[in-house]
């Protein structure tokens, strides 16, 4: 019988990490990487793929759009993301060097029906089972977890 | 007039880095990442794309096939690759934790017409303008450079 | 990445079909097309989502903006044939009532 | 990733069309198909490379292996309609003489 206790960090095996400029073009890159990931993990249910990809793209979109540099320097803004699919879960963890984000995730709510923006974080939170943000070593860290549906 | 002197390391801007398990499936991942890279750099000539992609896939194929661990441990074998396209050149640089490679690249020659294997490194070398290998900090490093054709 | 097919039915209904991913990069394109249709007097619009492989909050924003301007002009915007990715996002954002998916483009204005 | 179409012409020539990337993962599949054709008596073979978007040294190895077994069985293996990626690799490996590309599948055994 499979062990029901959460697995250890060695679960990170198989992960794919990407580091790239924080530009809109890189959203297609992440879509392409996810597409390959799914083709290597055909057992991941379509519903899980969809909610994971939705949240990943929302968080990345926010980094691209909002995570400005503290000091606008010479060098480009970049992000990195680690993507992994284990039997138990799909996990994405983002890092970026933008300014600290002053949002309390527990305050995030879905805007009204007629709002034309402001749904990104609420959608990401609704899509996955866990979304966390923290600031460490001068970087923003976002972590998303989708607990997988039983096959 | 464009400055003809080689550019500085800040040329690395725009690079895309990937880190993943050293498995055959990841070759498709790198093809997919290159496909995205080309769609962000439509000015790269088809001939340059082809020779670069050919060499990148040969080197990665060798890492997947030959770069066994020194001590077969528990953890998976991984590689990383940094891909960048500047106006002057296409550059790939690979790192892996496999055993040291005991090949003198200056000895590599194209095998006979009827050989069924052994063309990988010779093809990679013929495809790009520079191919170098070195061992540092317990890791193998391969670096490929394609000087771009004038647009 | 994305293409938009734009058509008008004999009944004067505008049909917009985004083919590909409706996201941060392509949402503006959809918004411009919807605004253009309303501006030229086509305020009954169906967005055919049968070939929309991905939808994010920016794409949703463009649909809501289009819905509002169509209604202001006395018409409506309806969505048809959503893919699983689209349906999922409609549900997660509670927009599946205001953007109630129709089974077909032809029948989208029947009820 | 890759698909192989396998056909036999009325003249008894086997035609194999790899669709996609001919690389480390797919070279074995090509080799098996070529060996199978020769084993069942089809030793005149055309590999139609018109849909081969990428070729690496493993794919080349499979072509050379097929060429050798076809010739040993009294036939030949010819390649037709190479894409730019394929032509480039043939040239870089000096195999463009032994694998001289033909313009068409039909005419591949004409000369």
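Just so it is clear, A, B, C and D label the chains in written order, and each chain counts residues from 1 on its own.
Operating definition for what follows: a contact is a pair of C-beta atoms (placed from the backbone, for glycine too) under 8 Å apart; a residue touches a chain by one contact, two chains touch by 3 or more.
Owing to the predicted nature of the structure, the values given are computational and were not obtained by experimental measurement.
S.K.: Hop across touching chains from chain B and tell me the fewest hops that reach chain D.
M.R.: The fewest steps needed to get from chain B to chain D is 1.
S.K.: State the chain with the largest centre-to-centre distance from chain B, centres being mean CA positions.
M.R.: C
S.K.: Could you tell me the distance, in whole angstrom, between the mean C-alpha positions of chain A and chain D?
M.R.: 44
S.K.: I'd like the Å distance between the centres of chain A and chain C, where a centre is the mean of that chain's Cα atoms.
M.R.: 27
S.K.: Taking the mean of the C-alpha atoms as each chain's centre, how many Å separate chain C from chain D?
M.R.: 47
S.K.: Using the touch rule from the top of the page, what residues of chain A touch 2 or more other chains?
M.R.: As it turns out, chain A has residues touching two or more other chains at 28.
S.K.: Between which chains is there touch?
M.R.: The set of touching chain pairs is A-B, A-C, B-D.
S.K.: Okay, in this complex, where on chain B does chain A touch?
M.R.: These residues of chain B touch chain A: 10, 13-21, 25-26, 28-29, 32-33, 35-37, 39-40, 74-76, 80.
S.K.: State the interface residues of chain D toward chain B in the complex, per the touch definition above.
M.R.: 1, 21, 23-25, 54, 56-58, 60-62, 64-65, 68, 84-85, 88-89, 92-95, 97-98
S.K.: Hey, which residues of chain A end up touching chain C in the complex?
M.R.: Within the complex, chain A contacts chain C at residues 24, 27-28, 31, 46-47, 50-51, 53-54, 57-58, 61, 64-65, 110, 113-117, 119-120, 122-123, 126-127.
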